[in-house]
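Naming follows writing order (A, B, C, D, E and F), and every chain is counted from residue 1.
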C-alpha cells in the first residue's frame, strides 16, 4: 500500500498550480503519465469555484460526466481543497472576501499496489482577501480522494 | 499594496516543503532574501506539530523568542496551515489519524509598498492517515499572517 | 432521569421520516401519545429548510407561535439535525449542493421522571447532492432539545 | 444514475441501528442482498468509536483489510456519521461528554446503473450526554461514501 | 416577547466577569433579582472548564442537580460561551493553548412576558494563549439558553 | 510581556459596547488613552457587519485605509468576534437569523513591554435571533489581534 514517491499526485497537482508560465506548466503535464486539467477561477461565490473545477474536469475527460461516483469523488476532493483555502469557514462573499485561484486536477495511481486503483488530487493556489485589488494574500489547498 | 510576484512568501514556503532533497532545498533557501527555517515532524498529537514549528522558528531566529506578538503571529499562521492539513476538524489522534509532515517558515516582505512590512508564511506538506504505515495520502497547508 | 425505551422521541421521529408511505406513517403517528408533525422540503437555500420546519411546527400546534422559548428550542434542534445532513458546514447552495428532505417534529416526554418535562426531536431524511437529478446520496439528521 | 428505492443503503443501515432486538435485526440483515456488519461501542474517546467500526468492518469482510482505498472510504463515511452524532465539534471527552452507540455498516450498490458500483453506509444510533448514567439524550448519524 | 432592558441576563453575567474586585462583584450580584454564581478556572483541558462551571452552578443551586434538562440547558450555554473563547475550534491543549477564566452563571427571566420563563446566561472572561505566562491575550464568551 | 491590568483593550472595548447611553460611552472613551470607534449595525448579511466595522475603523482613523496589514489585522479580529456572536457557523441569513449589534474597535498597547506594540480589540454586543422582533436573545463577541 506504499505511496510511491514518483506518483505523488498531490505534489504534482500543487507544482502545477504553482507554475508561473505555460511552458513550465506544459513541462509538468508532459511528465505526468496521467489525465489532468488546469484552469483559473476568480469569485466571491464559493459555488462558482466548485462549478469551475467540475466543468473543467468533465470537459477534459478527467472524470466521466455520466457517472455520479466520479462527480462525488471530485466534489469531496474540491471541498477539502477549499478548507485549505478558506481555513475555518468555507465561505467567501458572506464574510466579505474573494479569491483569485489557479486550479489543477490530477487523476492517477499513487500507490505501488495495483489494487489501490485511481485517486484524484485537486490543488488550488492563488490569493484571498477583501474585494479590493491588492488587499489580499496567498492561499493554498489540496484535496485527495479515491475514485 | 500590490503583492510582488518575486516575493510570494507562500509560494516560496510551499516549494521548500515540496523539495525532495537537501540540495534542492538549499538552492531554494539561497535564492530567498529572507529568514526561513524548515524541518520535519510526525505525530498523532496536533500540539506537537504546533510546538515543533514554534521551536524551530525561535531557535533559528525567524521569530524573536521574547516578543509575544511574534509568537502570536506564528501561532495563527500555523493554525491556518493545519486547517489545510486536517480539512474540517483540527484533530489528529482524537479522530484516529496521524501526520508525517515537512514544515517551512518564511518571513519576508511580500508587498511592493514598504509600509506593508513583514509577513510570515507557514507551509506544511506530507502525509495524513491511519496510524499504520501506508494507510495515508498526501496533505498540504499554508498559513499567512502579518508580523 | 432514565430515558424510557418506549418514549425515545428521536427514534420515533426518525422512523417517521424513514416511512415510505402514508399508511406506514399514519400507523407510527397513531402509536405516538404526543404531538407531532411531518412534511417535505427541497431546496438549495438552507434557510428554507429551517423555515419549512418552523412553519409546520407552528401551524400544527407542535410549538406555540407566540412563545419565543419554544421557537428557540425548535431552532436549535433543527440546526443540530442540519449538522447531520450537511456533515461539516451547514451550507447548501453556497457549496453547490441541494437537498430533498422529509422532516418530522415530535414533542414528548422521553424521561421516566416527570420533572424532566417535554423535549423536542427534529428528524430529517432524504437526499443531498449536486443540483442535478440523480447526482445525490442519502442523508440523515436528528436534533434533540428540551422545551 | 437514479438512486433505487429498494437499494437505499443509508435507510437500511439506519433501520438496522434502530432495531431493538436480535430477531428484528436478523430479519433486516436477511433481507439485505449485501455485506453488512453491526455492533456496539460506548466511549468518551472519539477514536475508539472510529476504531470499533473499522475493526468490525474488517473482521466481517465488509471492507478488505489490505486495501487502503477501502479503509479510506470507510474512514470518511464514519467521520460523516460522527458529525451527525456530535453536531458541531467531533469531540467527546474533551468537551465532557460520552456516547453509547450501536453501529451498522452496509456495503451495496444503491444506483440502478451498474457503473455507479459499490457504496458504503455507516449508521450510528444511541445516546450522547454527560458521563453520568441518565444525563443523556438520543443521537443519530449517517455517512455515505463510494468505495 | 420583548427582551426587557433591565433584565438582560447576558449583559449582567458579562459585567460580573469583567468586575475586577469582590466589592464591585458583590454590588452587581446584590442588584440582580436572580440566582447566580461565579468563579475562576484555569486549564489546558476544555473539559475542566465545562466541569468547573457545572459544579459551581449545581453547588450554589443555580441549576438543580437531579434534573437532566437543567444540566442540558447549562451544557449548551457553556459550549456556546466556549465558542466565543476559542473562536473556531473548541480546543485548548490539543492546539497548545491554555485559558485562565472567570465565569458567571445567571438564571433569570429576561422577557416581559411571563410565558417566556427562565433563561440561563454563561459568561466567560480571561486570557487565552501559549502555556507560558504572559504569552496570552484577552478572550470573552457568552452563551444563552432557555431552561 | 505581561498584560497590563489598566490596558486590557478587550475589557475596554466590551465595556464600551455594554454601555447603554452616550454619556456613559463618552466617559469610557475619555478614559482611554487610545484611538477607538464605535457604532451600530443590524443585518441578516454577515458581510454587512464586517463592512460596517471596517468602514467605521477607516473613517475614524483607527486603522489606516491604505495599508493592507492594518485591514488584515482588523478583518481577523472581526471574524473572531463573529465566532462569539454566531457560536458555531459564521452564518446569519443562510440559517434564518439576524443580528442587531453595537460594535467598538479599540487600538492600544496592552502589554508592559514596548516591543509588543499595538493591538486591536473588536467587541460586539447585541441580539441574535429569528427575523421577527422579539424572537431574539443577547450575544457577545471579542476578537484581539496584533497590528
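In the analysis below, contacts are C-beta pairs under 8 Å (C-beta built on N, C-alpha and C of every residue); 3 or more make two chains touch, one makes a residue touch a chain.
If you want to know which protein each chain is, UniProt gives these names: A, B, C, D, E, F = Hut operon positive regulatory protein.
Just so we're clear, the structure is a prediction, and the values are computed from it rather than from any experiment.
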Using the touch definition from the top, list the chains contacting both subunit C and subunit F. A, E
After a C-alpha superposition of subunit A on subunit E, what does the rotation angle come to, in degrees rounded to the nearest 5? 180
Reference subunit C; chain at largest CA-centroid distance: B
Please flag the chain sitting at the greatest distance from subunit E, going by CA centroids. A
Taking shared numbers over all numbers used, above half giving same and below half different, the subunit A and subunit D interface sides are same
Rounded to the nearest whole Å, what is the centre-to-centre distance of subunit A and subunit F, using the mean of the C-alpha atoms as each centre? 36
Subunit E and subunit F have mean C-alpha positions lying a whole-number Å distance apart equal to 20
Among subunit E residues, those touching two or more other chains are 1, 68, 72, 88-89, 91, 94, 111, 119, 134-137
Chains as vertices, touching pairs as edges: which of line, ring, star, complete or other describes this one? other
Tell me, which pairs of chains are in touch? A-B, A-C, A-D, A-F, B-D, B-E, B-F, C-D, C-E, C-F, D-E, E-F
Quick check on the complex: what are the subunit B residues that touch subunit D? 88-89, 91, 93-97, 129-130, 134-137
Using the touch definition up top, name the residues of subunit D that touch subunit C in the complex. 1-3, 5, 8-11, 14-15, 18, 20, 79-80, 83-88, 110-111, 119, 121, 123, 125, 127, 133-144
For the complex, give me every residue of subunit D touching subunit A. 1, 66-69, 72-73, 76, 111, 113, 115-117, 119, 146
Residues of subunit A defined as touching subunit C within the complex: 45-47, 50-51, 54, 68, 71-72, 75, 79, 82, 89-91, 94
